[in-house]
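After this come two complexes, each holding subunit A, first together with subunit B and then together with subunit C.
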Partner chain A sequence: MAHIHLQDGALPLSALLLWWATAVILLLVCIWLVRRRRTTDPAVITIAAFCTAAAFAVFQVSLPVFGGVHINLTPLIGILTGPFIGGIVVLIVNLLSAAIGHGGYGMIGANLILNIVEVTVSYLVFRVLARLTSSVFTRAAVATVVGLVAGNLVMIGIIVVSGVQGVTLGLAGMIQGLSLIAAVNLGVAVIEALVTGFIVDRIARARPDLVRGAS
Partner chain B sequence: MGQVSGKRTGTLLLAVILVVCAVVAVAAYLGQGHMGVEERFSSALGLPGEDEEGHEQGTPVFVVEGDVLMYGIIVLVLCGAAGLVYARYRV
Partner chain C sequence: MPGTALSSHVPDPDLISYLAERNTSWFSRASPWTKAGVLVWLVVAVTVIPSLLVTGLLLSVVIALYASCGLPVRRLAGWCVMPVVFVVSLVILMIWSVPGAVLFSLPFPGGPVSLTTGGLSLLFLLVGKALVTVIYSLTFIMTTPMAELSAFVSRALPSPADQIFLLAYRFLFVTLATLAAMLTAIRARGGLVSGVVSQTRLMAEVFGLLFIRSFERSERVMKAMQSRGYRHDLIAATPVTWPGPGGIAVLAIACCALGAAVASGAAGGAGI
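Let's look at the complex of A and B:
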């Protein structure tokens, strides 16, 4: 998963405000589209509720892999609930995470943007891959990897554009360092891909009506 | 026949992607050294280590980040809310 693990004071205030404003606009678009498309059917709402609980519970747990990492299930949220309701789900998870001290409130805007990108890209890739393969597990797993890679690229972009206070590294050094983090995150993407693939595949077998585009 | 071929193509594609990702991740991890995620960020950006208590040196076990009591309470509330939504809609 991609998540900017910097303290609130690391990014300049102007950058925090910019990312918060962007995130709020994205969320307003999500809410507007949910209302306009009337996608609030009971099945999606119920799945979104379970996704919120699961994503929050899993996201706070550091796994003893690669020195300590965590998965956040954003691709699973995107595949099961779609990008618009998914955007609202990741907002709730980020707010509650900050409430228990996992990440600062100031970083929520930036993290929301990259989480929304992960949700949206995973959802789109899962749908597009239906033309290539009928295996739900494969589609969900590949969509997860692609979504998380996209999230990592956005993470690098956000930090580079913002600049980090107190850092003497040049642009090239910063990109090199962040690329290493993104590379390690690929290992997390493998774990998350297998988890997401398994869950989506199980749900699609038991209740194909709950996975949009499963067949 | 076509569906089976499509499944094989997809599985092969997935296997290649996962192997490449795993190899790149292990290489980057070995290059950067054993450290926790916050420490990895600080190291990559040249920031001073943020934790003086020394618990951010890579976690050998499953660890809950943040306030554990609040975590437990919020998980219970979220699970309860999800259960209520399920009972309400009976999907």
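Let's look at the complex of A and C:
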């Protein structure tokens, strides 16, 4: 998943407060909708909890591709749990990640926004593509790429709007630098798309009940 | 089952839990609310203080705190690698042409770019700030028993987020152990195959299997819990102690000091 790897102290306080406030509103909407739709039954909570644990575990493994890349499978979370439960799952993954030093606590708000975008976009694309193709692999892979591209755009937007403390680069320079990072991220997104495609395909074959709209 | 450490650069949850349960240092007896309050204070402090000197002081204090709690200092260096790499990989693109004495210049299509003392200081500052909260966070979770931490989180998060957190923690160790076992099995059978697609496919098979196995295992746990009366109301009943007079005093003094430093500009002002 796209993840703003800046730690605490990089963004100004006003920006942190803005992103945290936005993230809390998004999260409250997710929680409200989850409660309203009565999807808090134990089975859904179990899927969400195992998605959280598995996503956190997978994040700790460096894939031996291109010298080693990390993936977090946010689009997979979206595909398996939907955007609302997915929003809660990414909150907990971000909290656990911050606890062990992967991303600052202050950055959780900003990261939550872009992760919720990834979860939502991936989920929607996966569902919409069901009308165009029956291949679960293709749907999951395309949904992942589109979700991660959206996440990367949000990441660039958040950093450009916030600015990094002490950095004197102009808007053009910052966008140039961030575009380079986004390009690298997109390379990783292709890997993540293949991984997610294979995983969803495998889960859909072994446990179709876990993938909504698999058939 | 093998341990859950998948990399020397990522803290091992088994070790964290072990230390959290066994730690008897003075800091382990502090209220989780006090520890969380200090964490919030540190996040705000490193955000508003632009001084390399103050950041260095804060870093020294948290390292001293970490060591005084009897936590593994040698492992800390490995665990700090990832946060440092994350900061450097992003900030390295932004430290060029910051005002200051030029150290060296590189030719670039749009004109030469220079690394200055200001740029280098900025890099050290952001790395230092990152390490302050990372090391304190590790100290926090390695000195707070899981029962207390769970109770704290379940009070801080609304339902169903608290339920997902508590169950995720329950499944985490099994999931990590399963993943470690699968990776060991792959290595035992000759390691990873060559080729990007083959490697990606192999890892995807591993992760897919991990998801399915973890889910089936968690489903069994869930059914066992339901048979014992679980109705999505997992409660962490451990009492969480409120901050004592000492904790409140520390937080109050810290907040006043930070407020005064920011108001007077003594926290570093414009200079790094």
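Simple rule for what comes next: the second predicted complex is superposed on the first by the 202 of 215 C-alpha atoms of A that agree within 3 Å, B and C clash if a C-alpha of one lies under 4 Å from a C-alpha of the other, contacts with A are read in each partner's own complex, and residues count from 1 in each chain.
The rule is short, and it goes like this: a contact is a pair of C-beta atoms (placed from the backbone, for glycine too) under 8 Å apart; a residue touches a chain by one contact, two chains touch by 3 or more.
Everything quoted here is computed from the prediction, not taken from an experiment.
**Student:** With the two complexes overlaid on their shared chain, look at subunit A and say whether subunit B and subunit C clash or fit.
**Tutor:** With subunit A aligned, subunit B runs into subunit C, so clash.
**Student:** Based on the superposed arrangement, let me know which partner A:Val161 touches: subunit B (first), subunit C (second), both, or neither?
**Tutor:** A:Val161: touches no partner chain.
**Student:** Considering only touches as defined above, state whether A:Gly106 meets subunit B (first), subunit C (second), both or neither.
**Tutor:** The answer is second: A:Gly106 touches subunit C but not subunit B.
**Student:** Just checking: does A:Arg202 make contact with subunit B only, subunit C only, both, or neither of them? Give me first, second, both or neither.
**Tutor:** The second partner, subunit C, only.
**Student:** Would you check which partner chain A:Leu13 touches, where first means subunit B only, second means subunit C only, and both and neither mean what they say?
**Tutor:** second
**Student:** Quick check for you: in the superposed arrangement, does A:Ser97 touch first (subunit B), second (subunit C), both or neither?
**Tutor:** It touches subunit B, and subunit C stays clear.
**Student:** Under the stated touch criterion, which partner chain does A:Leu132 make contact with: subunit B (first), subunit C (second), both, or neither?
**Tutor:** A:Leu132 contacts subunit B only, not subunit C.
**Student:** So in the superposed three-chain picture, is A:Ala141 touching just subunit B, just subunit C, both, or none of them (first/second/both/neither)?
**Tutor:** After superposition on chain A, A:Ala141 lies in contact with subunit B alone.
**Student:** Please work out whether A:Thr52 is in contact with subunit B alone, subunit C alone, both, or neither, and reply first, second, both or neither.
**Tutor:** So A:Thr52 meets both subunit B and subunit C here.
**Student:** Check the residue A:Val24 against both partner chains and state whether it touches subunit B (first), subunit C (second), both, or neither.
**Tutor:** It touches nothing on subunit B or subunit C.
**Student:** Take the contacts of subunit A with subunit B and those with subunit C, and give the residues found in both.
**Tutor:** 4-7, 10, 42-43, 45-47, 49-50, 52-53, 56-57, 60-64, 66, 96, 99-102, 164, 166-169, 174, 177-178, 180-181, 194, 197, 210
**Student:** Under the definition above, what is the set of subunit B residues touching subunit A in their complex?
**Tutor:** My answer: residues 3, 6-7, 9-11, 13-14, 17-18, 21-22, 24-29, 31-32, 34-41, 43-48, 50, 58-67, 70-71, 74-75, 78-79, 81-82, 85-86, 89, 91.
**Student:** Okay, in this complex, where on subunit A does subunit C touch?
**Tutor:** 4-13, 16, 27, 31, 34-35, 40-43, 45-54, 56-58, 60-66, 73, 85, 88-89, 91-92, 95-96, 98-106, 164-169, 174, 177-178, 180-181, 191, 194-199, 201-203, 206-207, 210
**Student:** Per the contact definition, I'd like the list of subunit C residues that touch subunit A in the complex.
**Tutor:** Interface residues on subunit C, with respect to subunit A: 6-7, 10-11, 16, 39-40, 42-44, 46-48, 50, 55, 79-80, 82-83, 86-87, 89-91, 93-99, 122, 125-126, 129-130, 132-134, 137-138, 140-141, 158-161, 163-165, 167-172, 174-176, 179, 183, 192, 196-197, 199-201, 203-205, 207-212, 214-215, 218-219, 222, 225-226, 230-232, 272.
**Student:** In the complex, go through subunit A and note every residue touching subunit B.
**Tutor:** Listed in rising order, the residues are 4-7, 10, 42-43, 45-47, 49-50, 52-53, 56-57, 60-64, 66-70, 96-97, 99-102, 129, 132-135, 138-139, 141-142, 145, 159, 164, 166-169, 173-174, 177-178, 180-181, 183-190, 193-194, 197, 210.
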